[in-house]
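By written order: A, B, C, D and E. Residues from 1 in each chain.
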Amino acid sequence: MISTSITSDQFMLAIYQTIHMVSISLLLGSIIGIPLAVLLVVTKPGGVIENKWIYGILNPIINIIRSVPFIILLVAIIPFTKLIVGTSIGTSAAIVPLTIYIAPYIGRLVENSLLEVNPGIIEAAEAMGATPYQIIRYFLLPEAYGSLILSITTATIGLIGATAMAGAVGAGGIGDLAIVYGYQRFDTFVVVSTVIVLVIFVQGIQSLGNVLARKARRN
Amino acid sequence: MIELKNITKVYKRKNTSITALKNVDLKIEKGEIFGVIGYSGAGKSTLIRLVNYLEKPTEGQVIIEGTDLSSYTTNQLREKKKDIGMIFQHFNLLESKTVFDNVALPLVLSKRKKQEINERVNELLSFVGLEDKAKNYPNELSGGQKQRVGIARALASNPSILLCDEATSALDPQTTDSILNLLKKINEEYNITMLIITHEMDVVKQICHKVAVMEKGEIIEQGPVIELFGNPQHPTTKSFVRTVIKNEIPNRVKQAIKTGENHRLLRLDFMNQSTSEPVINEMIESIGVKINILYANTTEIQEALLVTMIVQLEAEALQLDEAVRFLEKNHVVVKEVRSS
Amino acid sequence: GNKDKEASGNKEEKKEITVGFGVGTYEDQFRNGILPILEEKGYKVNIKTFSQNMQVNPAMDEGSIDASIFQSTAYMEGINEEQNMNMTGIAFVPTAPQGLYSTRHASLDEVQDGTTVAFPNDPVNQERAARILEELGWIKVNEDAGTVDFNINSIKPGKYDIDVKVLDPAQILVSLDDVDFGVVNGNYIANAGRKITEALKIENTPEQHRIIVSINQENEDSQWAKDLKAAYESQEFEAYIKGEDKYDGFIMPEAWENN
Amino acid sequence: MIELKNITKVYKRKNTSITALKNVDLKIEKGEIFGVIGYSGAGKSTLIRLVNYLEKPTEGQVIIEGTDLSSYTTNQLREKKKDIGMIFQHFNLLESKTVFDNVALPLVLSKRKKQEINERVNELLSFVGLEDKAKNYPNELSGGQKQRVGIARALASNPSILLCDEATSALDPQTTDSILNLLKKINEEYNITMLIITHEMDVVKQICHKVAVMEKGEIIEQGPVIELFGNPQHPTTKSFVRTVIKNEIPNRVKQAIKTGENHRLLRLDFMNQSTSEPVINEMIESIGVKINILYANTTEIQEALLVTMIVQLEAEALQLDEAVRFLEKNHVVVKEVRSS
Amino acid sequence: MISTSITSDQFMLAIYQTIHMVSISLLLGSIIGIPLAVLLVVTKPGGVIENKWIYGILNPIINIIRSVPFIILLVAIIPFTKLIVGTSIGTSAAIVPLTIYIAPYIGRLVENSLLEVNPGIIEAAEAMGATPYQIIRYFLLPEAYGSLILSITTATIGLIGATAMAGAVGAGGIGDLAIVYGYQRFDTFVVVSTVIVLVIFVQGIQSLGNVLARKARRN
């Protein structure tokens, strides 16, 4: 018989918590991160609405947030987290730092994807008199779509890694289960089973990403 | 009306800089089809990209319908560009969108109704012969098909200025013909101004009213097509004209040339009325020279005809002089040709 | 297994030792109070700090550190068993007791069903926290609850149905506003510049939960181990600790009574 | 020697599939320059891509120098490919490498010595007229310059088969001429086999020995260029030939046409020896018809000449018949032309 | 006066440790990750040496490693770490898990970059009879270079984040200083000063990456 200290309810709850945290912070992170990336690309020197100020401010902000170790970020923004969700602990509270952590990361990855768009396409857009918004919506994003999907996939997997640390504020989740029960309490069964679940998660997300990207790339 | 005033364009690199255009002056009247020819690298693409400010001039002004583009606000410039269609040398199609969606783009940008977009796009696609490729993606198209999508896209929003950078270079002669006829029709019906970059002299011949010849960033000659073709001045222009109006004696012909006092090798240029009169026949009958037509070429430049012949006349010296006088009286341009 | 080559090779002459620390104030105590004494005696001391307590014992096991100051006797014994090691404690160090703190409530009487209490997530501190609440009668702890693998499944409602929130130990003080009560380790209180005496209830720290200087048993007779033990029990060290406000409320080693 | 045997190529998409090639048979002899023409989308690029197995046939065999490509191991195939140069329709230059490095690539892949690479690349660049662009990157080049880099690259390793997919479509006539002359020279000197896809009939005319015409994935006609041009059978071939050998009566000419019993409108095709004889002059003298040359054109197909004239004869009905007989006796192909 | 519990020596040592860990594990991670990415791209369905087996094995391995929370990975590979560096603690020991953590991450990011290379280029390579190795060396890598630099930049910054957790095995470093002194001991000065150092690091790396990438992209 397997000797373990956790119940299947705890396990299911952890899975639910991970999905909860990842899905919401991914959504919010993308909502912030993608526009951030777009802003970086269009305001960068030589971009369609080149703007030294916006680029010069956004770029270091992203770097600053990306510099801070997640656990420090988590604590540093507690006042802000409380303002948003009313508490600094629990799954919902973890979503705030997770979002702040993942948004600039998504921003950077998506920026890299957008930079790969053939400059001739942007030229065509400009020749049609497209507004910056239209260039982004009808040209930049659709053309980068395949690469963008892969970037978001990479970010999602990074996010799953970060949720493991969100256990510090009692957010729970599979990664936390692995650390608190598996690692700290020498429960090999927990380690192995949580890692299997994580692998399934990651493999699923990656496969979905690959399929969508291949479709978008049409090859 | 498009006017380029004393344009210079310099591309800067780390240590060198390339002057792609040098003191270019150009004026294209409303409704005119203006061709630009020149060797590869002469600066033609650079020139056309200035007209919709894809490239800003290093010096000089681009004036469209009386307004210097540099005086426009960004928004005004955008509005202006909506009225200028452009066909790119490298197509620049969106790989992520179907043929239909690529062509629909300018209409979507102008927020046209869906119904209207559908109609217009289908009309254009059937025009360029790609109805059955509407749902395909660019990477499933042949080179010429891609170019036709680019053409349809440039025409979608009924622009009043059309810029074509090698718009038919990937097309077979029949498709080229049908596209050129379309352009001509549009030009006539809607009085669209067109600037056409090409290296195909046939294109110039078929639809351009005026033509400019570029070399090393400069316009070396310009004027109405018929004049430039009939009487090219600059060696480069001559060399371009020669590719449509051949006037060299083919090798095989050279072997048939007889030399001597009683023979004369002449180049005859027939223009306008002289082409339809039986000039040669009359010369034979009235003067009694023997003629051998070694080479003949007819070029149609829109409605005008230009016929060049290389002939060998055989008769007594006096008669030969008389024959030349006769031809010249009948509006034929006569030039002596050296046989070697 | 024990692979301490250095220690077993030349026990008498060993003058360079490596001491490992985990989470806590014990590194501070060592740097300011112990290090000078050892250096005086000619020792060269390397300090290794681990951000996770979990990693200190494995380091000891492989011989990368000679002594550690971070764990309790209870935890050490659990590890000895779990990891098949043979460590022993040679001295107690001034230990910060856990306490039950609150910013929302002024008294323990305000407890009721559904009251939220923050617990540390690591097993040792979690058990200690559970014992505090057990003593208050708020909860019951199962007979068979483990030590190194203590977990909240071992807790049953007592007088009240307490809602336990499991957090990172360092996080509890920070998030105190968001729970009714929180069990905070004394070292965090000290680091935060607060007083252990502010607690609504201080742990009656049993000996087995006090922090010790642990070493591999085979080194117990070595000179450096004796010198280390002596340093912790010295008057000099006692004087230093008692002279610092931040150690008010710490449980002092009994050995000092002989000083 | 290149042989395509009963090739079919189908592109599959989700629900539809496109048959790009259908039962194609083709044989190109060693040292031959073989042209392929056809409308845009006919399957020309697909065909050429089969020859170096960039695309594998759905059915049929590609046989090069006697060996079916499908029987090669991957390594053998690679070695084979080193011997086949290819010029791409879309250039496919490496954006990250200078012009020099792009051209040097095939030599680097074959591990040639640095010294040798330097010499060869500089020779090629000066040949295509890009010595001064050696250190530039592709995005700093004009369209035609890019194409010339592609040509230089394909020639770098002295391949014994050269595949050209629209190799000169972005080039002006002079540059095209010089490239074609180079290809011709290489063909003659090294006996290289060339497969040339083009839509420019001038290219076919200038250098191809044989030509195949494609339509909708099939080869509808093939043969020696002079035969196909002189006597096209299929309507598509005719329409292609018409673009180089014009034989329609220009509008302006039509106005000059007189009709009636004593007039006849004829198209005269002079080939080979008939081109160098003063046939018309003799006809006028011996039969006494009046002739008005309405249109005349000479086409050079390599060393051969093809002269087409549209003439109006005026004489008594009997004399007209006699004139036609005279012409035919002198190897002129005579056809009646309807004037409307 | 600033009240803090760390000495400037500790601070300098931490900076040195971070540089040490990041540079070596980045180097090793790239040496493993880039070939991994290349292998993925060339063996993927439709790749130049399509190979279901290699792709089918590598792809999930990357996902598995990427699934495991770093702290679990750190512990799980301790036997391996000891085999390699003889100890499981300290800066050198941390380099092993950091490398294993970063290599598949670099692999994934670089894979995304390589997938953006214009298929026409690969076709040209194949037409020249280039071997798979030559395709990679002379075509794929140079053409992806700009995007590749940005991917490595992103990975480096992720690596700096991971070094913060390597403090678990006594590896030290700036991020660990932030956690141990800043987070666990509420020493605001340490938090602020370490974050400033991290920001400078990250900003420096990002700027360097951007400059190199822009140069490579030539626009």
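As a convention for this text, a contact is a pair of C-beta atoms (placed from the backbone, for glycine too) under 8 Å apart; a residue touches a chain by one contact, two chains touch by 3 or more.
Chain by chain, the UniProt names read as follows: A, E = Methionine ABC transporter permease; B, D = Methionine ABC transporter ATP-binding protein.
Computed from a prediction, not measured in an experiment: that's the story for all the values here.
**Student:** Figure out the least number of contact steps between subunit B and subunit E, where 1 means they touch directly.
**Tutor:** Minimum step count, subunit B to subunit E: 2.
**Student:** Averaging over Cα atoms per chain, report the distance between subunit A and subunit C in Å.
**Tutor:** Centre-to-centre distance between subunit A and subunit C: 37 Å.
**Student:** How many Å are there between the centre of subunit A and the centre of subunit E, using C-alpha atoms for each centre?
**Tutor:** 17
**Student:** Taking the mean of the CA coordinates per chain, how far is subunit A from subunit B in Å?
**Tutor:** 54
**Student:** Please output the residue numbers of subunit A that touch at least 2 other chains, ranges allowed.
**Tutor:** Touching at least two other chains: 75, 146, 183, 219.
**Student:** Which residues of subunit B are in contact with two or more other chains?
**Tutor:** 90
**Student:** So which bits of subunit C are touching at least two other chains?
**Tutor:** Within subunit C, residues 54, 170 contact more than one other chain.
**Student:** Give the pairs of chains that touch; include all such pairs.
**Tutor:** Result for touching pairs of chains: A-B, A-C, A-E, B-D, C-E, D-E.
**Student:** Quick one: in the complex, what on subunit C touches subunit E?
**Tutor:** Listed in rising order, the residues are 20, 23, 25, 28, 48-52, 54-55, 58-59, 62, 64-65, 170, 173, 188, 191-193.
**Student:** Over in the complex, which subunit A residues touch subunit C? Could you list them?
**Tutor:** Going by the criterion above, the answer is residues 5-7, 10, 75, 78, 82, 87-90, 93, 167-170, 180-181, 183-187.
**Student:** Name, in rising order, each residue of subunit B that touches subunit A in their complex.
**Tutor:** Answer in residue numbers: 52, 54, 77-84, 86, 88, 90, 92-97, 105-106, 108-109, 137, 139, 157.
**Student:** Any idea which subunit C residues touch subunit A in the complex?
**Tutor:** Residues 54, 82, 118, 121-123, 146, 148-151, 153, 165-168, 170-171, 174-175, 177-179 of subunit C touch subunit A in their complex.
**Student:** Which residues, counting only subunit E, touch subunit A once they are in their complex?
**Tutor:** Against subunit A, the touching part of subunit E is residues 46, 59-60, 63-64, 66-72, 75-76, 108-109, 111-113, 115-116, 119, 146-147, 150-151, 154, 157-158, 160-161, 164-165, 175, 178-179, 182-183, 191, 195, 198-199, 201-203, 206, 213, 217, 219.
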